[in-house]
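Both complexes shown next keep subunit A, but they swap its partner, so subunit B is in the first and subunit C is in the second.
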Partner chain A sequence: MPSPKCFVSLVKPPAKRKPFVNAFNHRIDLLLPTDVYDIISQSLLSCPSLAAPPVYHRLVMPLGEILEPTFFNTHIKSGNILLLSRGRLDVENIICLSDGVLRMNLDTETYERAGLQGQPAKCGNGSGAMKRRRFVVELNLRSPSYLTGSKSFNRLKRACENVLNQPQVFLFADLSPSKLSSSGSGSSAADSAAAIPEIITKFPVRTPVPVVETFTDVRIPAFRAPTNSRPHGGGKSEEANYNRGIWRDWVMEIHEYLSLLLLPSGPADRLRATTSVDPYLSTYAVDDELESPSTVTKLQLVGLIPAKWAEAFWENMERLLESLTEEKPETVWAAMVIHGFDDVPFEPTGKQRAGLDACGNAYSILKLPGEGGAMTWEIVGGGNE
Partner chain B sequence: MPAENPLPPAKRQKLPPPEQVTIREHDWAYANLQILYDPPYDPAKNDAAWPPDILTWRTTLTTALTQFLGLSGAAIGIDILHLDRDEAWLRIPRAEKQRFQAAVSGYLGSTDGRSIGFRVLGISDFLMGLVSKKAETSIWD
Partner chain C sequence: MSDLPIPPASADAHALLLQHHPPALASTLLHEKIHNKPLALHPSHPAPAPNARDSRQRNRHTSSSSSTTTTSRPKPLTALEKRSLRVHAPRLSSLRYGTFLPLKALWVEYAQSLVAMGGGADAMAQRLAAGDLHGAEVEVVRCRCVDRVGIVGVVVKETKGVLVVVCEKGGGKTVPKEFTVFRVRIPPTADEKARYNRRDMVLDLHGQQMMFRAAERAGRKFKPKPMLEL
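After this line comes the complex of A and B, so read on.
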C-alpha cells in the first residue's frame, strides 16, 4: 500500500497558489506573533469573513428527509449545500453530499439491500474474502434524471425508506450565495424563511465564534530556510543533494512546529521556554530558534467550514498584513491550518479516500516572513486513490 | 529559476509555477497514547502518582518495548513531546511505527497494585494529522 504523503509547495509571488478546495472541514486555526495580532486584531475580527462566519446545523434525521419536496427543491435542485454523516471511514456507512452529488460508502449488506447503482470501493477492499467489503454509490442529484417522481428518484426513495431509514447525525451547511450575503438582515430573512425545510428549523443554527488564545514564553523558529537549501534543481552533486535534503527536513520541521503549537491542551511542553528535559526523555529541539522566547496568538474557529470561506479569510488576513509598516518584515509571519474531516470517503473531485492507513486530513499554509512567499502542506493518507 | 526578461511581458505570459515537492516516508512518526490504570486513579484525590510524570512514562514505555522487542525495542528513540493528564504525545522513528504500535498496544504490566496498559489514540506520519483527527470529534456533539 502506498505510504502517506505530504504535498509541499512553495509559492513566491508572482506565482499563484492553487486554491484550497476540500469540502468538509471542521476547524480553522490561525497563528500569528502576538505583537502582529495586537495591531491587526480590531480589523481582523471585523473583517468581512468574520463578520459573516459560516453557520451550520447538526441534524438528526434519516437520509430520506433530503427527498422531501421543500428540502429537495430548495437545497438539492437549486442552492448548494454540504451534508456529512457521522461515522468511521471504512468501518461504518458514511453519506456525504457536496456540489449536488450524493456519495455513500457502504458495507456489503447495506449496499445489496439498498439496490442502488454503485461499484466496489477502490479503498478498503482487500483480496480474497475481503474483496467486496465496501461499496461506493455516487448519485448526481442535480441531474435532470432526478426529479420528484422519476425512476431514479423513486429508487433512491425506496432505498431511504427500506434500508437507510435510521435517523443519523448529519452536519449541514447552506452555502448558497443569497444565504451567505444576507447574514440575517431583515427583508431577505423573511424571503428565505418561507423556503426553509421543516427538518432544519427543528435544529438550532450554530455560529462559529472565534476563540483567541495567547501563548507566552514559547520557543519560536526564525522561519528561514537553511542557507543554500532549495526544493529543486542545483544539479546532481553531493552538495546539491544535501541542499535539497535539508530543505525537505526544514519544511517538515516547520510543519511539526506548527502542529506542536496546536495540541489540544496548548503548546507542547517541549516548546515552553521555561522548561527543559534531559535528552534521554526527548531530543526534540526547535531548529534555528530565535534567541528570546516569543508570544504567539491563536485564533480558532470550530464549525463546518467551507473551502471558499477559508480562502477568503486567509486573503483578508494577508491584506491586513500587507498594510503593516511599523513591524520589521522578518518578524511578520502567519500560519493557518484548515483541519479537514478524515472520515470522509471522497475528495471534492470524486477521488476516493481510504480509512485504513489514514493519517489525518489537514491543509496548512504559512506566510513566510519578508519576501519568502508562502508555503503550503497538504497531507494525504496512504491507500488513497 | 525564473529567467530575466528585459522585453515587456507578452500578452499571456505564464506565471512561474509554485515549487512543489512530495514528501513521503520522512524521518518521524507520531503517536498519541493514553496510559490506563486498573483500578484507575481518582483525579480528585491528590495522589503523588497521578498524573503520571515524564519519568513514569519513559520507564513504562521502555518496559513495554523490551518485553515485546527485547534490546532493540528498548533502543527505539522516543521523544516525549507533551504530557497532558493521562495522555502523551510522542515522536518515534518512522521505520519503527508498526513495531512500536504492536508492543505498546499489547503491553500489560503492573505497578503498585494496579495494572497498567496503553491505548493508542492515534498514530500517524504527520503530527498535524493526529491533531486534526483528535479535534474532529468535538464538532459532532
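After this line comes the complex of A and C, so read on.
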C-alpha cells in the first residue's frame, strides 16, 4: 500500500519558490493572526485576485459537447479551460482536460469500444485476469491534427457518439486571460458573451465566496526553529544528525498544528486555551507557544480553483503583509493550505495517478515571521482512508 | 605371391616399391594391394571437353536411372509456393464497393429469411451464428487492437481467422476475427416495418468464437459458453 509522501522546502528571499501547479483544487484555507487580518482585510478582499474570484460551472453533458464548433473553437483551440468529470478513481471512467490535453482513465470495455489509441495504465493492472483492466488515453486537442473534419477528430467524435455518450457531471472553469483581466468593460463583455457556447449558458455560474471564521483563544506557536537545528548540512557527527532530525520534527509539528487548526469542526480542543485533559489520554502540547493565546482568522474558498489563481492570491497577500508596519514582527505569519481534488487521474505533467493515490494532493505554504522565509509542504498520494 | 610375374603396366609402381621394401614384400604388395585396384582421382579442372563417346555413355546412364514412371506431369505446388504466388490473396486496392451492392441486397434477403424462420431464441441464435456472412455489412464495434474499431464494410471473403470487407470509400480491409466484435444489422422487411414498425435486428458477433472457415461454420453446432474476456 503506497503511503503518502510529504516534500518540504524552506525558501528565504531572494530565492524563488517553486510555483504551485496542481490543476484541479477544490479548497483553499488561509490562516492569519486576527490582528493582522483586520489590518489587511479590506485590501485583501479587494485585491485583484479576490475581485475576480475563480468562477466555475457544473455542467451535465455528454463528452461530445466539447466537439461542438463553438465550444471547440472558443475554448479548446483558442482558450484555456479546466474540465474534470466526477467519479471514483480506477472504479469509474474519469475524463479531465487541462492545458488543451484531454486525458481519460477508462476500463477495458470502454477503451476497446472507443477506438482511441491509448496505453495500459501504469497502476491498476495485474496478472492473469487482471491483465487488461484500465487504460489511459491522452489526446492533445490543441495539435493541428484535431481540426473539425480531420481523421483524428472524427475518431474522437465517433467515440463520443457511440461510447462516451452518457451525460456526465463535469466541473468546468474558463481560464482564458481575457476572462481573468476584464472586469466587465462593455465591449469585451459583449464579445465574450457572443462566443459562449450554449451548453455553458444552460448551467449557472458558481462563484466561490470567501467565508471568514475567527477562532478565539487559540494557542499559537512562535514558528521558530529550535536552536541549532538545520535542514541539511553540518557534517556526519551525531550532533549534526540530531540537529537535522529536530528540524524535521519541528517542521512536521508545525504542519500538524496547521492541520489541527483546520479541522472541519473547528480548531482541535488541544489548541484551545481552556483545554485541560488528563495526560493519560493525550500529551499533545503546542511546542514553543507564545505567552498568551490569541485569535486566528480563517478564510476559506471552496470551488474549482486553478493553480495560477492560488499563486496570485498568495503573492497579493505576501505583498500586503510586507507593507505592514510591524511593531512585533514575530507575530506576523500567514499560512495557506490548498486541497487538490480527490480522484484526479493525472498530475498536471501528465503523470498517472493510481487508484491507491485517490486522495488529492495537498499543498501548504507558511510564511514564517520575520526573516524566516516561506516553508512549503507538498503532500502527494495516499489513498482514501 | 612373390613368384607371380610383374605386369608391365605396373612396372613403375613396382620400381617405387622396390626402393622401400625387399623384393619379395614388394611383389606381394603389388599384387594384393595395388594391381587391379581402382585409384580415385579428382576430376581435372577445367573439365575436359566432352568427346562424343563420353557424352553418349553419360546419356545412356542417366536416362535409365531416371523415374520409374514415364509420365511427366507437373508436380503440385507446395503451400509455400502457393502463398508466394498470391493467387488467392484478395487484391484489396482494386475492390470497389459498387460491385458488391447487389451481393449486399442478396444477403439482406437471406438474413431476413433466416429471421423469418422463427423458432425461439435458441434456434434463432444457432441459425444466425452459423449463417453465412458474405455480403453482410459489418461494423467493427470492439477490438483489442483499438485502431480497428470503426471499420465498416461489406464482407467479401471469410477465412478461418479473418474477414475481408470492402469499404464504402473503396478498397478492402482485412480484419482479423481474434478479439474482435462485429456488429451486423438485419433490417426489417418492408411488410414488417409497415405493420409493426419494427427496427433493425442488431447482432454482435464475437469473432473469437467464430474462428472457422465459412464452410465449417455453416454446419457447426454452437454450444452456449460462459465468456469472461473478449
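One rule holds in what follows: the second predicted complex is superposed on the first by the 368 of 385 C-alpha atoms of A that agree within 3 Å, B and C clash if a C-alpha of one lies under 4 Å from a C-alpha of the other, contacts with A are read in each partner's own complex, and residues count from 1 in each chain.
The working rule: a contact is a pair of C-beta atoms (placed from the backbone, for glycine too) under 8 Å apart; a residue touches a chain by one contact, two chains touch by 3 or more.
Keep in mind that what you see is a predicted model, and the values were worked out from it rather than measured.
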For this session: Following the overlay on subunit A, give me a clash-or-fit verdict for subunit B and subunit C.
Result: fit
For this session: State whether A:E112 touches subunit B only (first), subunit C only (second), both chains, or neither.
Result: second
For this session: Calculate the angle at subunit A, using C-alpha centres, between the directions toward subunit B and subunit C; round to the nearest 10 degrees.
Result: 100
Problem set entry | Touch count on subunit A, higher of subunit B and subunit C | B
For this session: Once the structures are superposed on A, label A:V60 by its partner contacts, choosing first (subunit B), second (subunit C), both or neither.
Result: neither
Exercise. Given the touch rule stated above, what does A:A129 touch, subunit B (first), subunit C (second), both, or neither?
Worked result: second
For this session: Using the superposition on chain A described above, determine whether A:V212 touches subunit B (first), subunit C (second), both, or neither.
Result: neither
For this session: After the superposition, pull out the minimum Cα separation from subunit B to subunit C in whole angstrom, please.
Result: 32
For this session: Share the list of subunit A residues that count as touching for subunit B in one structure and for subunit C in the other.
Result: none
Seminar exercise, completed: Given the complex, residues on subunit B that touch subunit A span 1, 15-28, 54-55, 58, 77, 79-84, 89, 91, 124-136, 138-140
Exercise. Of all residues in subunit C, which touch subunit A in the complex?
Worked result: 141-144, 146-150, 228-230
Problem set entry | Footprint of subunit C on subunit A - complex, ascending | 109, 111-118, 129, 132, 155, 158, 162
For this session: Please name which positions on subunit A make contact with subunit B in the complex.
Result: 2-12, 14-18, 26-27, 58, 86, 169, 171, 231-233, 247-249, 251-252, 255-256, 258-260, 262-265, 268-270, 277, 280-284, 302-304, 337, 339-343, 358-362, 364, 377, 379, 381
